[in-house]
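Shared between the two complexes below is chain A, which pairs with chain B and chain C, respectively.
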Partner chain A sequence: MSAPAANIPAANATHLPAASATRANCALYAGIAGLAATVIGLAVSGNVHAVAMSYLVGISYWTTIAIGMLMLVLIHHIFDAGWSVVIRRQFEHGLAAFKWLFVLFLPLVATAFIGGGDTVWPWMNPAHELLHGHGTVATDILYQKKGAFLNVPMFVGATLVFFAVWIWLSARLRKASFAQDTDGSAKWTTMNRKTAAFGIPMNALALTFAAIFWMKSLEYHWFSTMFGVWYFANCIRAALAFGVFIMVWLTARGDYRGILNKNHWHCIGTLGHAFVIFWAYVTFSQYFLIWNANVPEETFWYNLREHGDWYYIGMLILFGHFFVPFLYLLSFRRKSTASGLLPISIWIAGIILVDLCYNILPALKDAHGDPLPFFSLNLLWVAASVIGVGGICVWAYLRSFATSGAKLIPVRDPRITESLTYHE
Partner chain B sequence: MSAQPYGLIATFDTAAAIYHAAETVRDAGYKKWDCITPCPVHGLDGAMGVKRSLVPRISLAGGITGFCTGMLMIWWTGAWNYKLIVGGKPLFSPMFAFPISYELTILFTAFATIGGMFLLNNLPMHYHPVLKYDHITRGLDDQFFVVIEAADMKFDAKATRALLEKAGGKNITELEH
Partner chain C sequence: MSHAAEHTAEAPAILAEVKPAIVPRAVLVAHGRSFSWITEKICGIIEEKTPRWWWICFAVAGFVASWTVMGLTYLVATGVGVWGHHNPINWAWDIVNFVFWIGIGHAGTLISAILCLLRQKWRTSINRAAEAMTIFAVVCAAIFPVFHVGRIWFAVLPGWLFPFPNGNDIWQNFRSPLEWDVFAVSTYGTVSVLFWYVGLIPDLAILRDRFYAAGNKFRSSLYGLFAMGWRGSNRHWSNYEMAYMILAGISTPLVLSVHTIVSFDFAVSLIPGWHTTIFPPYFVAGAIFSGFGMVLTLMLPLRAVYKLEDLITQYHIDCMCKITLATGTMVGYAYAMEFFIAWYGSNPNEGFAFINRGFGHYAWAYWIMVTCNVITPQFFWFKKIRQNTALVWILSIFVNVGMWFERFVIIVTSLARDFLPSSWGYYSPSIVEIFTFFGTFGVFSVLFLLFIRFLPIMPMAELKAVTPEGDPHSGANAHH
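What follows is the complex of A and B.
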């Protein structure tokens, strides 16, 4: 029988702005350093393609987390969920990263207009030579048939639309939720529920087409109807892993003392477990259908990923992205405690980065058309990009956390008492 | 009526009362006893000292059995009993055995869960001595009961009655078998 809302000083207390500001500055400096390292990489590495693709991995990784957080908030509202009210506010702070992700994505959009245009996406340059003397992109029948969709204006326009959708939905959700802290009006809950009703399909379409344009089109001969769903599964898993990080951090700092109980941990752990299975289901289905149908336009994508050390990365994903978290989270004790969830969330957050590398980086080829190995200098640029974009995203989260004026938890949400005393 | 009663039943009016009574009975060291409540009382399992159920272990065993059955079945039919090449694929591969193994994992897990639950709860049970108690239907409506069985090692007609009284139980009644 937990204490009611009024008895929890942390919920109504103002944050420690000084401490958060220092932390935010650290994140900002780390982000700038990482971005600077990426720029240096462009200058010194001698392989602009590799650095640009590594940057695509970095920005995709953090966009994945933000999309997942957006989806979790939307799902929370559409189901009128109770348990997640006390955690939702932290996801709303996380949504502050979208506008910075947009700014950070602009250099990749710019590559379409620099040089031949094929720094990252080969199909952007009609003169791009295909392998083994098969002509150019412009003479490729498989490109010509897809040209109405895969072209630079479509790409630029779609990318702008994706970010517009994410930034706009985030702004609506944040505004309504933060305003409710002040006036406690139920109209904000209604507004968020409506946002969720149209926001879920909008976000689903945006993330699916983002995955298609940004990642799948790197090998435009290839196609898989599972790709968007695979990306969605990673989005939710990444957001849940980072949700656990935030819960652990705020519990350690004392903010969540008396707010979280075992059942909140159990819920986020169970949801994470469900999405382990969902991820495995779609990822296996994609592999299985391609393996079974044996169509060359599809199988080459996996053949590339059995070349060199990518084979072992594929095995790492199979066991590390599915079997390890699946078996680990079967245990009730491990999925219902902070100490049980933290290690597996760190592991999942790391393996999602590997999964994105696996889907993006083999598009980098050597002169023979074989993918460049996973363990190479490119990993350095991936790390620089992940730290660079991540620093900015963490800074955006912490800045929103400290300066948005929103309380630690939505103190006047209609379901706040239900959430605080969840299953107690 | 047999010489030895089935046990003692005590009535409580509120969820809080039965919660604390359960703690008292638990701390007195009783093992064969139970609470009857008209609604779920959060935290009552902790107050009763009930350990985690064994059902998840049985479910896991069922799941593993199902997975292995699927793999073995596909291997046996395709690579042993009637060798047939389909679509240029190997006679056996875990790839095409996976969907059926996955389905059987779920099916056997479900069977094991239901079966394990029935087994551990001694179900089906068509009769229970508390059903003879006149006011037991109130346990579906607005009252809470604690039942301590005479089969418990610590059971003593007087001492147990005194314990239930101390815990705030009312209408303490002997139950027939």
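What follows is the complex of A and C.
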């Protein structure tokens, strides 16, 4: 069955460029508005640190989604997967966001050179005062020990490397996949498999150290070997949630009608369910081992997050990030339909944002060293950043979707027929 | 072509452009072997006269197994002092060997159940042997915690490890992961046996019928007893598939939980080098790694001896090598992350523990571990190496060796250099320990040889299902 619907009249398979362009422009305007609001926030909020941290949340959130999409595409190729061919193309469009994420990350890099340099990461300023009169970063023995790693040139260099890895891998994957649409050559499949073979370890290292530099080092006294694995789990969950949004949108629009069947939804749902469990496993293990050992140099990180309303945020993550999706996705019916997966994907996408807030924002502390309460922070700046960075990312996706010249699905992929006819 | 028909009902125009590049999937049963060939091949192993090599191997394995029996007898008669433990290394080869075998034991069911859930059809050639490996490895693993108490009645009588009401109201320490191990491993062992046994039922029925047809009533009755009246009806198959899927679903989190709890044995403590949050997934990755290493070690000779190249194809070997490579690299990631965070965490004791591992008295063990577990699997990047089965087999041995050393490094190096320099020591195993441990390879081999001789080493029905004839959408059947 080389052409499953040979009797269908050939039609122009480009996808409504005008409509897509309109949507893309809307996303772009929303993005610009969000970024403008963030800039205004820097000027009017009176707490530059809070706005900058909120921006870190926004950019981390969308980078998390993009990294997850990259990992899913890489995993698809390394496994020579069949069922996921029809959805892979949308993830490939999603990868177009990386170069814009890099541009949007530059202001955060610039904070290292503005003022004291400690707008976001306190260790960037040697004169940054530690709490309770414990001197400065420069005199902090723990910083001195970590200084070879936590320094501005290292941070800037590493961030450049992370984005270089993501942009380069994405470009290779997209080029090979899109080119195959035209010439149908099997060499592109081989190329993508090779890219996946070295791309997975490269991406694993990049996302691990990105999580360490960007998030973990906000409270640089703290450490956990599990942190990279925790971030990986969130990346995949976020990408799957946004994958569902895209599929639902394309199905509702008509593009994917007749392409996706119940089994595709079931696979997405099952994969999402597996990663709910994996995330819980990793997060629980980290918490449990630190709680059980009860060593102050580790427990302080969680103690801070049991302070004030952060305790309830922690509970929300426990129940919302695990129990709710876990129980919800136990149902075969819910995880095998678009209408069943959409609400839980919205929930998961939201709770991942809360999880990132939980990991980033308690680094904002009051004079006593307690984290600023979640609801005392002006969450408008988090929303502005998420919309700002998100608008640009969605615009990048839609732009790629409409103008890359790639087909709606990889029509010449060797496993496309298998994917179109996928069944249990 | 019902699926094509589904598409034509409301197919978007893009489907007209579908024209896949030609990259055929690897065949899972080579040379177009028929259903009957598969049955004859697998049953033939059991039905043929016991080959001489089997007797030789069995005798050697039995002799080696006797070392364990003698070592344990001597231990029980004399006391745990016959092992090389001393302060501060009060855990050594006993727990090293336990974790080594339990790791292999987890991998078999993990391979079988997870590959089943992931619908990886290539599992059919290796899953039965991997599950058998699991059970035999759990048997070997169980020896060590049971006997390391010396007076084994403390381990097996109710009230010591298993909770049992008693007059003094003395209960186990339920907050200890060692106690969780008791429940986890025994539950896991039970489910693994069930999982293995359920999978065996259709094949036992085939053997029952074949022995009956051959006039061997005794063996027919024996296989019939365990086949539990299997007739291969639609209802039987339906129930079987459901039971198998449920057991796969139960086994998967069980496997993860068991090795996680094994990792907790160490990670909940404060010993430098043990208390690290990545231990649970790192131990699970290590278990899969060692499991595939052992499956390769076992299956490649079987493939050669029984000429199973059409059932264990180069594709199967490729898949196993690649998973070994992937999991070995994950283990390497964990080693690197441990080392990095030991430095980054700036705790001098943690930092020292890792520097000591790499450059201290046990550096030789550390570098054996790194060489075997991180460097060795990197050879599997190369197709030429994957195609050289002798070399793959040798590399799989390195994986097994490396995973034993991983546990040795974790346990012994941390204990030998704990917080108090005045209590530092150096551990060397006693001759009794050495013989007891190596004897377990004999125990394992005896059990595995018996498995080969009396039970089908591959699931025949599942193998048939992955042939073109077994696929209702294959070209051969598309016309019917």
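Throughout what follows, the second predicted complex is superposed on the first by the 411 of 424 C-alpha atoms of A that agree within 3 Å, B and C clash if a C-alpha of one lies under 4 Å from a C-alpha of the other, contacts with A are read in each partner's own complex, and residues count from 1 in each chain.
As a working rule, a residue touches a chain if its C-beta (ideal position, glycine included) is under 8 Å from a C-beta of that chain, and two chains touch if they have at least 3 such contacts.
From a predicted model like this one, the values you see are computed outputs, not experimental measurements.
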| item | value |
| --- | --- |
| Partner chain in contact with A:292 - chain B first, chain C second, else both or neither | both |
| First, second, both or neither for A:423, with chain B first and chain C second | both |
| Partner chain in contact with A:332 - chain B first, chain C second, else both or neither | first |
| Touched partner set for A:151, first chain B, second chain C, both or neither | neither |
| Which superposed partner A:47 touches (first chain B, second chain C, both, neither) | neither |
| Touching partner for A:189 - first (chain B), second (chain C), both, neither | second |
| Partner chain(s) touched by A:411 [first = chain B, second = chain C, both, neither] | second |
| Which of chain B and chain C A:376 touches, first, second, both or neither | neither |
| Which partner reaches more residues of chain A (counting touched residues only), chain B or chain C | C |
| Common interface residues of chain A - those touching chain B in one complex and chain C in the other | 1, 292, 423 |
| List of chain B residues in touch with chain A within their complex | 42-43, 52, 56, 60, 87-89, 95-96, 98-99 |
| Partner chain B, residues of chain A touching it in the complex | 1, 284, 287-288, 291-292, 294, 330, 332, 423-424 |
| Of all residues in chain C, those that touch chain A in their complex | 1, 3-4, 6-23, 25, 253, 256, 260, 264, 267-270, 275-281, 329, 333-334, 337-338, 341, 343-347, 381, 473 |
| Sites on chain A touched by chain C in the complex | 1-13, 80, 141-142, 145-146, 149, 180, 184-186, 188-189, 197, 201, 204-205, 208, 212, 223-226, 228-229, 254-259, 261, 277, 281-282, 285-286, 289-290, 292-293, 295, 297, 407-409, 411-417, 420-421, 423 |
